[in-house]
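What follows are several structures.
Here subunit A shows up in two complexes: once beside subunit B, once beside subunit C.
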Partner chain A sequence: MNISWQNVKSIYTREINNYFNTAIGYVFLLIFSLFINFLFLYLPNFWDVNSISMENFFSWMRIVYLFLIPAITMRLWSEEKKTGTIEVLLTLPYQTLETILGKYLSALSFLGFALGSTIFIPIFLGTIGSPDWMLIAGGYIGLILLGASYIALGLLISWYTQDQIIALLITIAVCFLFFIMGYPPFLQFMGFLSPIISFISVSWHFDSLARGMLDTRDIIFFISFILLFLYLNYHSIENKK
Partner chain B sequence: MNDLMEKFKNSKKVTLWLIIMLFFTVNWLSYSLYIRFDLSASGRFKLTSASKKILRNLPEKATIEAYFSNDISEAYMQPVKQLRDFLEEYSSSSRGRVKLVYLNPDDDEKIQQKARSLGIQPMPLGSVDRKKREVSKVFLSLVIYYEDKTQVIPDILRQSQALEYFLTANIYKMAHPGEHTVGLLETDSEFSKDSRDNPFHSLEILDRSLSSFYGNMMPVKADVDEIPSNISVLFVSDPKKLTEIEKFNLDQYIMRGGKLILAMNGLDINFNNLIATAKTPDTLAFFKNYGIDIKPDLVFDAKNYIPFRQPVNVIQTIELPYPVWLAASEEFLSQDSLMTQNFQFIVFPWASSVSIESARIKDSQITPLASSSPVSWTKSDGLYISPEILKDSLDNVPDKSTMAKQSLAFHIKGKFNSFYSGKPLPQGKKNYISESINPAEIVVVSSPFTFTNNIQPIHIGQNLNINFFLSILDIMNGLDELVKSRNRSQMVSPAIGPIDLWMKNIIVFLNFLLPLVFIVGYAILRIIGRKKVSALTYTSQKNESISTGESHV
Partner chain C sequence: MIQVENLSKSFNNISAVKNINFKINKGEIVGLLGPNGAGKTTTMRMLTGFYKPTSGNITINGLSVENQRIDVQKMIGYLPENSALYTDMLVCDYLYFIASAFQLDNSIYQKNLDYAVSATGIEKYYYRPISQLSKGYKQRVGIAATLIHDPLILILDEPTSGLDPNQIIEIQKLIIKLAENKTIILSTHILNEIENTCKRAIIISEGTIVLDEPLTNLNALKKGGFKFHIMFSGKINNVADVLKKELSIDDVQLLSDNVHDTKLTLTTSEHVGEKIYECAVKNNWPLKELFAEKESLENIFHSLTGGKS
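On to the complex of A and B.
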C-alpha cells in the first residue's frame, strides 16, 4: 500500500480549514485557553501552593481532554455523513488510509494549536523562578501522546454516527472509560481482571510521563493504541465500501 | 485446503483479530525489554552515582527477595508499580551485583512459610472509598541477603520516600560491618538516647535514624578508659561538666586524629523556669583550647525563625514570634560543603554564637557551615525564654548597626595542641600526646537541640536536621558520595520567591491575555491571508473571463 502524501495533504488542508475558517474554532480555543488558565491559577490557588511546577496543569489537562478531544473529533466523519459528502469523499481517487491520516493529522494539529496557547504558562513560570524544564517537556510529550490516542479513538467513534452531538457524547463516555480504567473506584469492580484493565488505561500510562519519567513501555502503549484505533477506523470504512 | 488458506489470509476479520492480538503482544513484550529516561533535572527517578558505585563495588553479590502480593488494593496499585519499577532499575544498575527475585506468597504455602520464618507477616493495607472501608492483608516486604547475613524490611511502602538510600545503606552496612561506628560520649549531660522526660533532650530518633546505616550509637564512657579506637566518629552532646579524666581521654582522642561532632551552646536552658543561664566556664574553656569559642549567649534572628504555636483552646493555636528558634535558610547554609548543600533549612533551637580561633589550629581548614541572617543579635546570661516574654522582642530590636550574621556551625580540620600542654596531667596519667599526630576533624554546632526529638512546630525541620547529622557522619567517614543519595530524597519542587502583589496581578492578567492575543492574532492573520487569496482568485477569474469574452455582473 503506497500512501500519497500529496493526497494526505489535500485532505489535511481541507480539514484544517474547516477548523479555522469559521469563528467557532477560535471561540472554542478562546474558551479552552481561559478555562485551563483559570483551573491552573485558581484551583488550587497557584500562589498559595507556592511551587514552580506544572503538575497541577497536567492533572487538570487530563480532565479537560475528556471534553476537548471529543469536541475536536466529533465532526470529522459524522458531518460528512450528515451532509452526504462522505459518498463523494470515498469515491475520490484517495485511498482510505490517506483520508484517515489527513483527518487524523488535522485534528492533531488543532490540538497542537490549543496546547500552543498554553505555552505562556511555562514562560511565566520561568520569569518567577527556575522550573524543571525537562519535567515540563515530559508533561507536554505525555499530553500530546494522550491527545493523539483520544483523537484516534474519537475518529473511529465519529465514523459510526451521523450526528455530531451523539459522536461527542459517545466519545466523552468512551474516553472517560479509558481514563477511569486506571483508577481504584473502577478497578474495584473488575476483580481478577483489574491488572489487564489498568494496563489498557491511558491515564495509567500518562501518569509516568506527567511525573517526568519517559518509559518505552508507555510510548509503545500510546503508539500501538493510536495505530490500533486508526486501523479499526480503516477496517470499518473498508467494510462499508 | 489451499483455497481455505487463501480465504483465511484474505479474511478481514482474521486480520482484525490479528491486529488486536498484535497490540497486546507488543505491549506485553515491551514489559520484558524497556528503557526509562528520567527527565527531571534532579534525576529523582534514577539511581545516584553514589549508589551505583557502592553496588558495583560490592565484594560479594547481594540478593533482594521481594515478597509482593499480586492482589494489591487498587488504591496502592500505582505506588506498588513505581516500587517494582524502582527495584528493577536498582538491580539492573548494579551490573549483576544485586539480584532481584520476586516471590508472590498469595497462593503459595511454601513461600508463605518461608516468609513467616523470616518474620514477615502480611500487613494490613487500607483504602477508603465513599461507601466502604476496605482493609486487605498483603505482603509488601523485602529481604536482603549478603553472604550469611539477612536483613528484613517488613514494610517497604513506609520507606518508599527514601528507598534508594535505605537499600544502599543496608547493603553497605552488611558488606562492611563495623567499619563505621558512631560513639556517643556518656557524661554529665541531660542529653541521651534514652531520655524520656523531655523530648528536647532525647536523641532517640537520631539513634534510630542512624541504625539503618551506622548501627546504633555506641555508648562511650571516657571517665575510666581511653576512647576506643574502633569509634570512627564521636558525638558529644552538651556536656555540663567534664571530669579531668574525661577531658584527658577526649583530648588524647583528638590528638590521635579523632573525629568529633560537638553540639553545644553557651547557656543552659532551664525548662522549669524558662530561663537560660550561664554554663560552667570550665567546659567552654576546655573546647576553647581547640579554637572553638562558644559564647555564653543566645542568638536572636528577626528574619529566620520558627514561630511558637501557643494553644488558645483545644482546637486553635496562635503563632507567637520566637526569634530564638533559628531556621538557617539555604542562603545562610554553606553551599560549598556537602554537609549543608541542598538543604532548604536547618533548625537551630536556642543556639549560641560561635567563632573559631584559627591561630590555635595548625594546617587548618575551617568551613563556616551555617549562620543566622544579618538581622541578628545576641543576648547573654539570665535570659527569659518564655514565648510570652520573647514575643515582643521583635518590637524592640537593637540598632541595625549592632546587628550582624552570627555563626552557628563550623567544620574544622587541622592539628591541635593538647589541652594539657604545660598543665599538670590528671592523677594516674603519666604520658600524653602533646600535639596532634594526625589531623583531627571537628564539627561544632552551637545548639545541642539541633539533633534531638523536637516538638511541634519545629519538628518540621527534624528530618532535615537528622539528615544534616547523617551528612556530617558520611563526610567524616569519607562517604561523600552517599550524601548525594540521601539528600535527593529531601528535594522538593522549587518554591516561588517573594513577589509583590501588583506583580502577581500582572502575571495573572498576562497569563489570561497573551493566549487570547495569540489566538485572535492568528485569526486576523488567517482572515487577511484568505482575503488576499480570494482577491487574487477573483482577479485571475476576471482576467480569464475578459480574455474569453464573458461578462461579469
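On to the complex of A and C.
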C-alpha cells in the first residue's frame, strides 16, 4: 500500500483546523494551561523540598491525561458518524490508512500544543535553580509516548460510537484500566499473571521514562501499543465496509 | 460504463440488496426509485466503495470498485443522503478540502471551481460558514463538491430531499444541465423527479429490481392504460364473470359485494366506459358510480412495490 503524504496532510489540515475553527479549541488549551501551571505551583511540597524537579508534575500529568486525551479523541470518528460526513470522507479517493494517520497526527499535534503550554514550568525552574534536565527530558518523552498511545486507543474507541460522550467515557475507563494495571493494589489480585499485566500497563513504562531512564524496551512498548491500536482501527474500518 | 453483476449486501444476515444486475451506459441519466429501506442507498454506497458487497461485482469503466477503489472513486462525484457537510468550515475551505483529495493541478482546480460554483449558484455564499446556509444552499454546496474534480459519473442520493418546490425545480434543472456530459444516477422518492430528469428508471423493492425500463416505455404504459372503478347498488351475482365475457377483458377484480353495493375494478389498455355502461343497462344492473383513472407512474410504482412507502 502506497501512502500519499499529501493526502495525509489534507486530512491532517482539516482535522487540526477543526480543533481551532471554533473557540472551543482555544478555550480548552487556555484552561488546560492555566490549570496545569496552577497545579504545578501549588502542588503539595513543591516549595518545601530542597531539590528542584518536575517529578510531581509528571505524576499529576498521568492523572490529567486520563481526562485530557479522551477529550481530544472523542470526536474524531464519532462526530463524522453522527453528522454523516463519514460517507463523504470514506468515498473520497484516500487510502483508509491515510485517513487514520491524518486524524491521528492532528490529535497528536493538539496534544503537542497542550504540552507546549507547560514549557514555562521548566523555564521557570531553570531560572531559579539547576534542575536535572535529563530527568525533565525523560519525563516529557514519556508524556509524549503515553499521550500518543492513549490517542491511538481513543481513536479506535471513537470509531465504535456516534456519541461523543460515550466515546469520552469509554476512553476514560479503558485508559484508566491500562493506567492502574501497573500498580500493586491491582496486581495483587492478578496472581501469577501480575508480571505480564504490569508489563502491558502504560504507567509501568511511563514511570521508567519519567525517572530519566531512556530504556529502548519502554520506547518499543509504546510504539507497539500505538501501532497495534492504529492497526485495529484500520481493520475495523475495512471490516465495517 | 457501470456494470453491476449479481450484487448482494447483507447486514447481520439481513439482506438489504439481493442479487441485482444492471448496466448503465455512458451519458445515461438513471433514476433509482423505491420505498424507504428498498436498498437504494445501500446500492449507491456499494457503487461508491463505501460498502463492500457481500457478493457480486461492480465494474466502472472496466475497473473493479472493490479492487481498484481509489481509481474508481476518482471518477465519481457522490452526494450522500441529506448532503452531509463539514459545517464548521467555510464553503471555500470545504470545496478546497474536497478538491485536495483529487490532487488537481491549480489551473484545473480553478477552472473546475469556477464551473462548480457558478453552475450551482453559490457565488454569494462562497466565503460563508456552511453552518449558516439554508438547507437548499447546503444541498448546492454538496453538489458543487461533487463537481469539483469534473467526474465522469455523478451519484446523487435524494438530491432534492427536504427542499422547497422552487429549490427542487432549480436542482432538477441543474441535474438536466449536468446530464449533457455526465452519467448520472440519482435516487428519489419523488416520481415526478424521475419523469422530469431521467431517461430510465430502475425500481427497487425489498432489495431486488422490480422494473428497469426507459422512461419512454413507462410513458407508453401510462398513456395506454386505464383503470375503471365501478360500483353498483346492491349485491349482483357473477358480475365480474359477465363483464369479463362481454367486454373480453381479463383484468376484472371484484373488490366487494354485499347487500349495499358491489365494487369492482377493471384494467384495460382502451377506454371502455361506454361499453361498461351499455353492459350495465343490458343486464339491468343499477350503476351507481363509474370513473376511469389514467395509469400513472405512481400506479406502476405502487403495484410494483406492493404499496410500500
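Odds and ends about this structure:
FYI, the second predicted complex is superposed on the first by the 239 of 241 C-alpha atoms of A that agree within 3 Å, B and C clash if a C-alpha of one lies under 4 Å from a C-alpha of the other, contacts with A are read in each partner's own complex, and residues count from 1 in each chain.
Here, a residue touches a chain if its C-beta (ideal position, glycine included) is under 8 Å from a C-beta of that chain, and two chains touch if they have at least 3 such contacts.
Quick caveat: nothing in here was measured; it's all calculated off a predicted structure.
Under the clash rule set out above, the superposition-derived model of subunit A with subunit B and subunit C shows the two partners fitting side by side.
An angle of 170 degrees, to the nearest 10, separates subunit B from subunit C at the C-alpha centre of subunit A in the overlay.
Of the two partner chains placed around the shared chain by superposition, subunit C is the only one that A:Gln6 touches, whereas subunit B remains out of contact. By the touch criterion defined above, A:Tyr94 reaches subunit C but does not reach subunit B. When the shared chain is aligned, subunit B comes close enough to touch A:Gly212, but subunit C does not.
By the touch criterion defined above, A:Asn21 lies against subunit B and subunit C together after alignment on the C-alpha atoms of chain A. Which of subunit B and subunit C touches more residues of subunit A is settled by the count: it is B. Between subunit B and subunit C the least C-alpha distance in the superposed model amounts to 6 Å. Common to the subunit B and subunit C interfaces on subunit A are residues 21.
By the touch rule above, subunit C contacts subunit A in their complex via residues 45, 48-52, 69-71, 73-74, 76, 78, 80-82, 84-89, 93, 97-98, 100-103, 145. Partner subunit C is touched in their complex by these residues of subunit A: 4, 6-7, 10, 13-14, 17-18, 21-22, 83-88, 90-95, 241.
Across the interface of their complex, subunit B is touched by residues 20-21, 26, 29-30, 33-34, 37, 41, 47, 50-53, 55, 113, 116-118, 120-121, 124, 127-135, 137-138, 182-185, 187-188, 194-195, 198-199, 204, 207, 211-217, 220-221, 224-225, 227-228, 231-232, 235, 238-239 of subunit A. Against subunit A, the residues of subunit B that register as touching in their complex are 12, 15-16, 19-20, 22-23, 26-27, 30-31, 34-42, 44-45, 70, 73-75, 77-78, 85, 127, 129, 492-497, 499, 504, 507-508, 510-512, 514-516, 518-520, 522-523, 526, 530.
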